[in-house]
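For reference, chains read A, B, C and D in written order, and residue numbers begin at 1 within each chain.
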């Protein structure tokens, strides 16, 4: 099947432009493209809107590196407490932060990638999360209407890829990656290992290669 | 070229496809498209019941009981294929990951409407995945005989049968011509060799937009 | 981990009661509990509401057996054309049929199993499927609000289970099974093989054992 | 028994759990619950970042870099565990598959409201998965010191901090008592050994419902 999608880290980094909306998979840097993120920083990328579960931290390279290096103008995440730089930049008016409940964030990205106009969730009813949102009653229960999220580029992390971009994730490193792989115009996957097409059993593929544009082995 | 009838339709429909496209082919005539792909164009066929990479029909001895196509017929999965559940399958379809869906019609009209799933009182099989495919795929290509076997028009001003989807058809390919629904009406973009504009108009109920230049289907 | 969930077919069949709503996985009997369904029939079960992708057929044992034996009072499915008994019983007023687009059916079951109040889908807009449903506009596009489906019992089919009920599906036999495994009060899985707990790699589990109540090896 | 303080809280909270339950334990005090499970009660711990079957904390040499718990700390997965993506994880949570979530509180009130994710201007970490867990889990058990370190009440008439969820708390377990939110108010169901009703009332701002019979926490 098809040509290889494997490219060098610097080639892939050129796909990102200042001001873009970028999704990055991972949960506290587990399942994040912690190596490719350094290419993103090196390329000079700035003013991005970052959609990720959290803001990494300020100690190890990972999602947090983009924050610490002030490349992010807006962060959409469920949690940012492990990276003190978020609060510092937020209080200084340098970083806009939108907090989204984790399950809602996952569903909103899924909607963006699967052509759904939104989902109704009970999460956030009666809290600040409900402000400005439509409440819809179904079978006697109130739900919030949560709308899709998409990005210009998704930078995801998988364990193994074949050359067509079929991906396999490992353990808790799966998290947001499969949804993000469907919700962006360009999808770049950092992987640990690349195998020839046909080596991954079709039942074991967690993200089909048709969703992935570039594979970077790092 | 001596392409005629349904072979011509399949030949022309195949020319809408680009190398690397993910495509869903409907049951019946659309399956012929795979035999007419241009040189250098490799596509990935999605089977909406749950996999990418439809391979050749297996012999009875080779058949894997867990692999059927969306028509319920024995099928196979090519190396590099991927299996998934129905939510993922239709997520790919609605989410813009299926580049083209090619399917047949009972009726199609000048508003880009398609009817191909039910004849009330006669045939009530159900829409299966058809409604999702037509609403969701990036490009909707209808392959159809220009008229019914009785010689009655199938390309109408307004469909009389219950719709599969409204305003979603992009192209109609028949043995006489190619029509493009541009959001306002049906444009006659190409003619089969030897077929005249008047002939197409005579055999079409829909009002057609006739541009200054009309191409050839071959 | 925990006690074995493996029970005999007859024990599991006793969990089903006349009048219940029952989900059954599968697509044209691939991924359907084609053996356990005979236990259901043998138990005398009747008047059920059946939620399944299709109605099987009238030639081989499977979902169609329940229809042919007149045990179903209402069928919710995307397609029923391969089982002529559906039309016969429908026209005789013996069977109520509700047709749901396949992708919408999958999402509605997913909503039922994941606590969502509904999803917004473009599928069915402008068709009979939209009748009586709320249309919600998000970012300038119209969507149908589709609401959750749940069942009293889900009868699913997996390839392999461990004794705790962690399940692995094969090829195109996955289809609706993973969603149904989450959307019913009681979940019974027909499987081909049972292995001790710990033998299935956690990354390969497609339905977690916490969702499964009973495992039947047939 | 000589159980006191937080050990008593964990001991009592653990008594809400039944054999076979899937449970999500919050960061901090709730993790102690695992040490106080009654004989014969085996539970399955969910880590909302993506797996079921939280095992013991590994030594640094044994740690698998792809396995962290929901606090981002090195963890392990027990045999029989299952990994999944964030949509599935929160699908389990909202869908009624998580029998109990046990978590801490900044404030809780007599309307069953919980605030535990933000102190505006001071601590803005984000809600992470907390809002989903409290809105979604079948039973919400709050473990908390009865008063703040300064001796001020935490169990209020009305929370002053932004809520995590409204009316979702089922039980509050403190070193003094167990309170049950019955949909209308907080019922004092159990007292710690040696603690009087008057003492609880004196240290609680919320209005309490005092039944005729009050049990003992041990």
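Everything below uses one rule, namely that contacts are C-beta pairs under 8 Å (C-beta built on N, C-alpha and C of every residue); 3 or more make two chains touch, one makes a residue touch a chain.
Keep in mind that this is a model prediction, so the values were computed, not measured.
Counting C-beta pairs in contact across A-B and across B-C gives the higher total for B-C. Each chain gets one centre point, the mean of its Cα atoms, and the points for chain C and chain D are 34 Å apart.
The distance from the centre of chain A to the centre of chain D, each centre being the mean of the chain's C-alpha atoms, comes to 29 Å.
For chain A, residues that reach two or more other chains under the stated contact definition are 107, 110, 115-116, 121-122, 169-171, 174, 202-203.
Multi-chain contact residues of chain B (touching two or more other chains): 51, 77, 83-84, 87, 90-91, 93-94, 136. Interfaces, counted as pairs of touching chains, are A-B, A-C, A-D, B-C, C-D. Residues 27-31, 53-54, 77-82, 87, 90, 97, 99, 101-107, 110, 121-129, 159, 169-179, 206 of chain C are the ones that touch chain B when the two sit in their complex. Across the complex, chain D meets chain C through its residues 20, 22, 42, 44, 51-53, 77-84, 87, 90-97, 136. Chain C contributes residues 107, 111, 115-122, 134, 136, 138-139, 141, 143, 145, 147-148, 168-171, 174, 202-204 to its touches with chain A in the complex.
Against chain B, the residues of chain A that register as touching in their complex are 1-3, 110, 113-116, 162, 164, 166, 182-183, 197-198, 202-203, 205, 208-211. Those residues of chain B lying in contact with chain C across their complex are 47-51, 64-68, 72, 75, 77, 83-87, 89-91, 93-94, 113, 123-132, 135-136, 162-167.
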